[in-house]
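Shared between the two complexes below is subunit A, which has subunit B as its partner in the first and subunit C in the second.
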Partner chain A sequence: MDLFLQQILNGIMLGSTYAVVALGLTLVFGILHIPNFAHGHLYMLGGYVTFFFITLLGFGFWTAMISSMIILALIGILVERVVYRPLRDQPHINSFISAIGALMFLETFVVVAWGPQGQRIPNPYPNPVEIGGIILTQQRLLVIIAAIVLIVLLQLFLKKTTPGTTIEAVAQNREGAMLVGINVNRVSSMTFAISTATAAAAASLVAPIFMISPSMGALLGMKAFVIVILGGLGSVPGAIFGGYILGLIEALGGGYISADYKDVFAFGALILILAIRPTGLFGREEVG
Partner chain B sequence: MAVRLFFKEKWFYLLILAFALTVPFLVPGRYFFQIIIMSCLYAMATLSMNLILGYTGQASLAHAGFFGIGAYGVGLMTKAGISFWAALPVSALLAAFIGLLIGLPTLRTRGSYFAIATLCFGVIVSIIAGSWVSLTGGYTGVVGIPKPTPIPFPVIGKLSFNSLTAQYYLVLAFLLLTLFVMHRLVFSLQGLSFMAIRNNEALADAVGINTFATKILSFVIANFFAGLSGGIYASLIGSISPSTASYMLTFNWLVYLLLGGVATLSGPIIGAFAIPVLMENLQFLEEYRLLIFGVLLIVVIIFSPRGLMGVIESVWNKSKAKNPVRKAGGEYAAEGGKPDQAI
Partner chain C sequence: MLKLTNVTTVVGGFPAVRDVSLEIKKGEFVALLGSNGAGKTTLFRTIAGVLKPSKGVIEFNGKQLNNLPAHKIVMLGLSLCPEGRQLFPHLSVYKNLMMGAYTRRNDHKGIQLSLEQVYELFPILKERKNQLAGTFSGGQQQMLAIGRALMSKPDMLLLDEPSIGLAPLVVQKIADVIKNISKEMGTTVFLSEQNANMALMITDRGYVLENGKIVLAGPSSELIYNETVKKAYLGA
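Right after this comes the complex of A and B.
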């Protein structure tokens, strides 16, 4: 029973990361219709920027994380401008190939700058806490709580503020949004900035628990796509629930069935679901 | 018309063929020769990827997965004592068959969904290759795969494949076979329906093309050749591992394809030879190689989606503007659409 609860908590922690990353991706992929395949790599870069601030500039954990979010937001705007905007009116697949170029660049950049080996951020909160007989480190608890805070803040931003509602307006009707005077380019930049900043936050939060490595972005990016497609394009609740469910599946599947094949379950599920519903579980529209 | 153009240029192609045949006498050393042989194999893989991605417009990112299936098929079967010449077609057919099974669900999806679904399948193949230790040897892979079985000839005796020269002629023969099949396909009615789907799937459907069956056909043929090249790779290189099926390999081929010229027959070959050879000569750039590739990929897809051959072709077409005939892959003109709108 203790093992089960432990795995559940691990699953929730993993799921928190997935939910935050998938949330950023669903804004970009579902709302702007940009298949930002480099999303996982931007997440990875976020982890490294935090690492850079902590180890080289001696920042505290929180300052480093916020700085990393700001830097990644700027990089997100840059990526949108350089990599995706010139291809906006072209078939999706061209953006996809462009994204592959971007992720190759990002991964190699990190390898050249910090080396291919994994790095560890010193854990700011290593002390264990006990909840109902289960022991977990404060940092793990922090990941779970911070993810919830981030998700709630983002939700409030999207629903209650004017810039947030412009994103939703563009999602609902691009031409209509332009007609009422919304600057679609600015919305694109803003959405990208939010998406990459949240990815950086997720990476910074889990970096003290897992190692960061240049290759960690690729699998995570794919998982985020799996979550977004399963949860429904552009659906914020879908991305959040999908993230937690995938985290739980992985923790339980990895703990009880086979740790080697845990990724096969997630990716296999995607192929199966697309076989039944080619536009995803909650997909409403054809995407070309 | 295409045939006429082909015959006009036949001397040029014969010259290239003659050059290809004399390569073993020109290469400076064993190492470089090995790179040429690898390039031939990758050219086969890139050519077949071009069929599904370039001509049919469906970005399959599982290509290295099928290459890996062919490689593991030949590796495991020849180590079990089965002749290479039996194992190779069986493995290629296996890759084609798995391609059919995967194509049935995934080809119902479109655009980036298809790319992601196939990428997921590619990752699954390499995870299985790494985790099914009893069959695949896990992450150490399969080593000591025998060279292709010698072919007995009545007069000249056995033709064995121990020398690099013999291996080179073997891959060259298969590369030419692949090129021949692709050429026949692309210039056939079937090839036109592939391109019709790429250019406008709804329109292709409306004029009576069974788009789903056509896409499946293209995917299965592409995967057959991916498996074929993987099988030859396993036997010639002698060892395989999960990295033989890694998606990074697919991305490499994508770079060859895009830089060489997507939806042309010569582009993939030029890309598969020029880039590795260039990289060998720019060893000092090794670390930055993917950095440059990444930027090049973005620049090419934005400014010249059809790569080097696209540039050459448009210059060629401008210089003979009187002649309205365009080569394969130039069919956009008939649509009146911008050529840059699709790859």
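Right after this comes the complex of A and C.
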């Protein structure tokens, strides 16, 4: 029973970060109508920027994380401008190729700057806490809480504020948005900034638990796609639930069967769910 | 107020609008007639800045619109209620209207007044303000699209085929409201229609567009008796 609860908690922790990363991906998908293939690599870069601020500039954990979010927001805006916007009216395949160029650049850049080996961010909160007989480090608890706070804030932003509503408006009808006076380019920049900043937050939160490495972006990016497809492309609740579902599948599969196969369970679940529901769990039929 | 001089718009290598010149004065209510594919929608999209003219000059209140993006043109007080309505299907009716007022988002009092005005024109929008726009019927969506365009408090409203695909009774209702927008609210209205009968009954004058060119212009009361118009659009 303890093993079960322990794995559930691990799953929720993993799922929290997955949900945050997938949310950013799904928001950008809504705007671009293509997936941002470089999303996982921007997440990876976010982890490294936090690492840089902590180890080289001696920032505290939270200051480093917030600085990393700001830097990644700016990089996100740049990526949208340079990688995606010039190709907006071109066939989608051009954007894919451009994105692959961007992700190769990001990975190589990190290898050159920090080397190919993994790095560890010192854990700011290593002390264990006990909840109902289950022991976990404060940092793990923190990941869960911080991720949930981010998700709730993002939801409130999208649903309750005018700039948030413009993101939904552009995603639902680009021409309609232009005609009511929304600057679609500015909304694209804003969406990218939010998406990459939240990815940086997720990477920074888990960096003290797992190692950061230049190749971690590729696997996480792939998983974020799984989640977004699982939840239904462009769906915000789908990204959140998909994130937690994938986290739980990995933790339970990894805990009970074999940790080596945890990614197999994740991608196996994708194939299974899509076979049953091709539009994803929360995918909606076209309306209006 | 709106002046087009020799405007040509090329879409997919084909000039869908050719050498169009026209002028609309403040307070006028003008029809643009033409069959399917005549270039009405292309002309409206060009004026609203969704498409760029390849030749010619578009002026609104003396300001040249040619190189302005669509969102800046709305800010000048020219609003297009587009073909196909282009609503935000997963947003509520209320949020659609609020997005319509995006250009004046800090004028809370003014927005409230416009909202009441729109609710008065279309009471159904008030009754169903929390319903998702995508679940509306065609007629209701058209009302919402017109309401959304009015929320920017435009000096001039371009209406692209508001009657398309609607039942005759609904068309009548929408025609009444458009007339109201022109006569009571004093908004300058440019109305594109295939339904020439409806359009000529309510407008002051009209243009006839064929193959992207203006072939006829005159007061609505004369166009309605014009042999060409009768043959082509009134089924007589």
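Criterion: the second predicted complex is superposed on the first by the 266 of 288 C-alpha atoms of A that agree within 3 Å, B and C clash if a C-alpha of one lies under 4 Å from a C-alpha of the other, contacts with A are read in each partner's own complex, and residues count from 1 in each chain.
The rule is simple: contacts are C-beta pairs under 8 Å (C-beta built on N, C-alpha and C of every residue); 3 or more make two chains touch, one makes a residue touch a chain.
Predicted model only: the values in this text are computed from it and were never measured.
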Touched partner set for A:90, first subunit B, second subunit C, both or neither: first
Superposition-derived comparison: subunit B or subunit C, residues of subunit A touched: B
Residues of subunit A at both interfaces, subunit B in one complex, subunit C in the other: 287-288
Subunit B partner contacts - residues on subunit A that touch it in the complex: 35, 37, 82-83, 86-87, 90-98, 100-109, 111-112, 218-219, 222, 225-226, 229, 258, 260-261, 263-264, 267-268, 270-272, 274-275, 278-280, 286-288
Subunit C partner contacts - residues on subunit A that touch it in the complex: 162, 165-166, 168-169, 172-173, 175-184, 284, 287-288
Touch list for subunit C against partner subunit A, complex: 48-50, 69-71, 74-75, 79-80, 82, 85-91, 95, 98-100, 102-103, 105, 132-136, 141, 148-149, 151-152
Subunit B to subunit A touching residues, read off their complex: 57, 59, 102, 104-106, 108-113, 115-117, 119-121, 123-124, 127-128, 130-131, 247, 251, 254, 258, 287-291, 293-298, 301-302, 305, 340-343
